[in-house]
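First chain written, first letter: the chains are A, B, C and D, and each begins at residue 1.
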Amino acid sequence: MSPEIAPLALHEQFANPEQQRETASLGMWIFIVSEMMLFGGLFVAYTVYRMYYPQAFTEGSADMDIVLGSVNTAVLICSSFTMALAVHSAQMGSRKLVNIFLLATMAIGCVFLVIKFTEYYKHYLDHKAPGVWFDSAAANPGKVELFFVFYFIMTMLHALHMFVGLGLLTFTLLRNLAGKITAEYYNTIEVTGLYWHFIDIIWVFLYAIFYIPGLHP
Amino acid sequence: MQAATSLVPKNYLTEKQGILSWLFTTDHKRIGILYTGSITAFFFLGGFFALLMRLELLTPETNLVQAETYNKLFTMHGIIMVWFFLIPSIPNTLGNFFIPMAIGAKDLAFPKLNLLSWYVFMLGAGITIYALCRGGVDTGWTFYTPFSTSYSTTYVVAAAIGILVNGFSSIATGLNFIVTIHKMRAPGLTWFRLPIFCWSMYATSMILVLATPVLAITLLMVAVERLAQVGIFDPALGGDPVLFQHMFWFYSHPAVYIMVLPGMAVVSEIIPAFSRKPLFGYKAVAFSSIAIAVLGFFVWGHHMFVAGTSVYSAMTFSLLSYFIAVPSAIKVFNWTATVYGGAVSWDTPMLYAVGFIGLFTIGGMTGLFLAALGLDVHVTDTYFVIAHFHYIMVGGTVMAYLGGVHYWWPKISGKMYPEGIARLSAATVFLGFNLTFFPQFILGYLGMPRRYAAYPPEFHMLNVLSTAGASILAVGYVMPLFYLLWSWKYGPAAGPNPWRATGLEWKTESPPPKHNFEVTPVVTYGAYDYEALKEELQLVS
Amino acid sequence: MTPTVSRKSYALTWLGLLGLTLLTTLLGFIDMGPFNMMAAVGIAAVKAALIAGIFMHALFEGKLVRVVIAAGVMWFLIFVIWTAGDYITRGWLPFPGK
Amino acid sequence: MRSDILTSGPASSISGEYEWFFWTMVIVCSAVALLIAIILIYSMIRFHRKRDNQMGSQRQLNIPLEVTWTVVPFFAFMGMFAYGSKLYFDIERPPDNAVPIYVVGKQWMWKLQHPDGQREINELHVPVNQPVKLTMVSQDVIHSFFVPDFRIKQDVLPGRYTSIWFEATRAGKYHLFCAEYCGAKHSGMIGWIYAMEPHDYQAWLADGGAEGSLAAQGEKLFHQYACANCHHFDDAGRCPNLRNLYGRPVELNTGDTVIADDSYIRESILDPRAKVVNGYQAIMPTFQGQLSEEQVVDLISFIRAIGPRTGVEQHSNPGTVPKEYGSHKGIAGPGSSGIAGSKPETR
């Protein structure tokens, strides 16, 4: 069995590959819904505190660097794009293209994380990291700190999901190099794609609630 | 060795031997047994804490243990019973074992994920046991802030992380069940031919997947607040403690349906089997399970009627809590209608199931008291609430769990349990349970608050009754441990279908082979269709 | 295995997403009072729908996947509406502190 | 308390109504539960399996029956909901002539303050047939003020006021419990409510060592903390005039109008920038951490004393002003129950 025509990895409990593909993508979609509720809890808490302290949250958001934020959003959208192309190439069966796009996705993902951590460091430098390091000249420092508490928790949880995503992408790359991903059986990359696109969706909402409110006075 | 194995029948137990074959199995049946072992251990650990609490409450003063220790006892009793026994009890044991068999599949959709779920469960349990050994937690299983974030000096972060990790094991199981029931049913097994066991397990899995993440994020925020000294829920630093209650109960009320729906699932299997009669109002019972799962997410505010939420939201939650009472009532009426006119046997599973119906009815009706805004003001946070949820959790889920274990014991172990002593233990459990918890309704009405290590002397007599009941209940629970394990070794062999029931799981041998069915069955009849299976089961109407 | 979505639609979606990001940022500079937040979250929702629909093939999957996605969105909305509803309706009825 | 509730009548104005509803529910629910139990046991005996291969009847559907036991419970539950809400309104809505008493819950004790100065620990003496409104706040964790005989309970939150009222109708000594778990001595945070006949109450008042009413204490603090420097009692000063403020609507700079009730004043003392009065600058420093809860209560009593002569205390809704949607109840930190208290200045 040369690696070219990899054995159809049909697990024993499935009747046919179509059923196995649908099961895999349904399973990942249900996991994505549970992740939506995970981030949902944080969005609800943010909404309640934003209703209570609109000025403080606007002040906090004004300290965010909109340039880095929007660049980061564009970066993540590009990585989503390359991920989609990777899945598309897998469906077409051209393994070389899959490798290229997977590497591109991972590279752009790392760019996102680098930008993200420079932002964290910048906040740390001007005393905006919540907890002991926080002090702000704002009139009500407690509530501005609350904004940064949510900013740090939500974006760090998102960054954690990025690291998991990078791990998944590496695993997919290795399977592709081993010839396990073919036009007939490409579950692994499709599921990884779903996960990666979901992380992009979460960032789209994080960008909207953290960077945008502080733009206007 | 070769000669020996040819004598021993090929089934999932004798497929591969040795500890490694158990620790790295992806067979849903073995993972079900692994879970049964773990949760039985936790059940007796939590039960031990409960006994210590009842012994302490024997006298109005705190003389057996100090108040601080009592606080840790009721907290660990709560945490262990809720997350490490009740939630995994029926889904992860009987559900894991029988969902694939009931739908005619070889295994769950994601067998490796199923094994990962058990390891994540044990990891979460390990972290929580670490918190217990380092002195336990004294915040109550509800972790109310700002006490849990700013004033408690115990291992709250360790317990929170342990429960958070346990949450991911629940999500994995829920996800597995939903995909399996959707995608891996045997040919001919349409949704309305599915046994109610699968409907209720499907409803439970919906809640598991949708609610557990909110618990994970809430406990993560408590842990972050304790570690980074930030004020998410602490008013002194700008937070709002009532928001924590919203987020906690958004998970915890659906969680109580995660605990009781599987109980209903098992009872909906036992009642038709031992009445030799199809379940009355199949569609009504099936859709009421889904209705409970969906409505369960709209009612969490009834835990917070006196917590300071707005009157409008309190009224909305009270109204919706009454909406969700309707499906539970429908189920009880349909079970009763099933027993009426059947050929009813008094075997142990049936005793447990009928006990479930009776106690769940009392539990549900006292829920009507708690959902009424005016009544709740007086009885919330008292022993009335303790009795209410123990009637549903212990009177309901634990009896249904024991009933289910006895009902499917022949299929799991291939052996019959001793009927006589089993009925005696069922009667002991029923008697001990009522003696423990009915006096607590009266205590609650008279105003004894919950979580009190010491209480005024006028509540003394009822507490003595309750402690007496608890000791009888303890005996009732220990008995099955012995005679079931005894029957695993020395019990008489049980044929494929000792109860002549109609489920697909009874069509294969006991204990079943590794892939459940030699040839995947084709289903051509309804869920509990005795008429169609009359000849096969040699029944005479 | 014919690919579910052509490369061209992926490219168009990509450009659309970048455009919407620019739009959100520009809209952010205009002070529209409460509508700012609504606009930001609204556009984010459109972008999310684009990503889910095209990049994640949600539009080409079976009915079941779409029900699962709808359930996720609805359950989050239940959580937001009932929790924020409590905070909004405080003080509406003549009960002090409720 | 044990059996005398049934023999000598209700102890508070609402507990009579409570008993009726409670026992009606008990009777209705027990009847239905008994009915189900009887059917179950009857079926278990009457249809006991005779032969091992016996089958039951195969009747499994009866649509009219299903509809009845769906619709009938539904309407019964709606009745319970309706009456439950009515009872809740009676329990939660204080009459206007209620005597204001301030309660401060602290880890494991209750501190109660009467308007004319008496301060009590874990005890409360009230005259019979006189409504009493308790405005409560906690200094640390969440407690819950629970008097079983009066059928009242209300969580006491740190950071904002919550309130409950009762009217004792029978003289006696009643238990006071903390019903929300609050730490090691949660079971020790108990006390007594003494409902006394008027003449006993006067006797108790006479020998109560009150060193001046709360308002007097408040006035002392008003000068001690230099509030008087800004808050002159004319409209000329840089700060809002506090005379005749209590119970009046106040126009904020956000365009919303809130009622100057206890919660608003407490929040304006501890977190002045939360609600700035229209036409004034936000220059008031926060007193969070400098004033104890009791001192805040004294200041509020002082402002109440210099309030309008009629002394009619309005709650958080303006009542008279038509209630348009959200227009004057600023969602952000609603007056009556916003999250007060910001980070103490001295980090």
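Assorted remarks:
Note that in this section contacts are C-beta pairs under 8 Å (C-beta built on N, C-alpha and C of every residue); 3 or more make two chains touch, one makes a residue touch a chain.
Since the model is a prediction, treat every value here as computed from it, not as a measurement.
Compare each chain's C-alpha centroid with the centroid of every protein C-alpha atom shown, and the nearest one belongs to B.
More inter-chain C-beta contacts link the pair A-B than the other of C-D and A-B. Centre-to-centre separation of chain C and chain D, using mean CA positions: 39 Å. Spacing of chain B relative to chain C, judged by their CA centroids, is 36 angstrom. In chain D, 92, 160, 162, 331, 337, 339, 342-343 are the positions where the chain touches two or more neighbouring chains simultaneously.
Annotation for chain C: residues 64, 71-72, 75, 79, 83, 87-88, 90-93, 95, 97-98 touch two or more other chains. Within chain A, contacts with two or more other chains are made by residues 22, 26, 30, 33, 37, 40-41, 44, 48, 51-53, 140, 142-143, 145. Here chain A touches chain C in the complex through residues 22, 25-26, 29-30, 32-33, 36-37, 40-41, 43-44, 47-48, 50-52, 66, 70, 73-74, 77-78, 80-81, 83-85, 88, 91-93, 183-184, 186, 193-194, 197-198, 200-201, 204-205, 207-209, 211-213, 215-217, going by the rule given at the top. Within the complex, the chain C residues that touch chain A are 1-5, 7, 10-11, 13-14, 17-18, 21-22, 24-25, 27-32, 36-37, 40-41, 43-44, 47-48, 51-52, 54-56, 61-62, 64-65, 68-69, 71-73, 75-76, 79-80, 83-84, 87-88.
On the chain D side of its complex with chain C, the touching residues are 92-94, 133, 135, 160-163, 261-263, 315-317, 319, 323, 326, 329, 331, 334-337.
Listing the residues of chain B that touch chain C in their complex gives 182, 206, 210, 214, 242-243, 246-247, 250, 297-298, 300-301, 308-314, 316-317.
Per the touch definition, chain C reaches chain B in the complex via residues 64, 71-72, 75, 78-79, 82-83, 85-87, 89-93, 95, 97-98.
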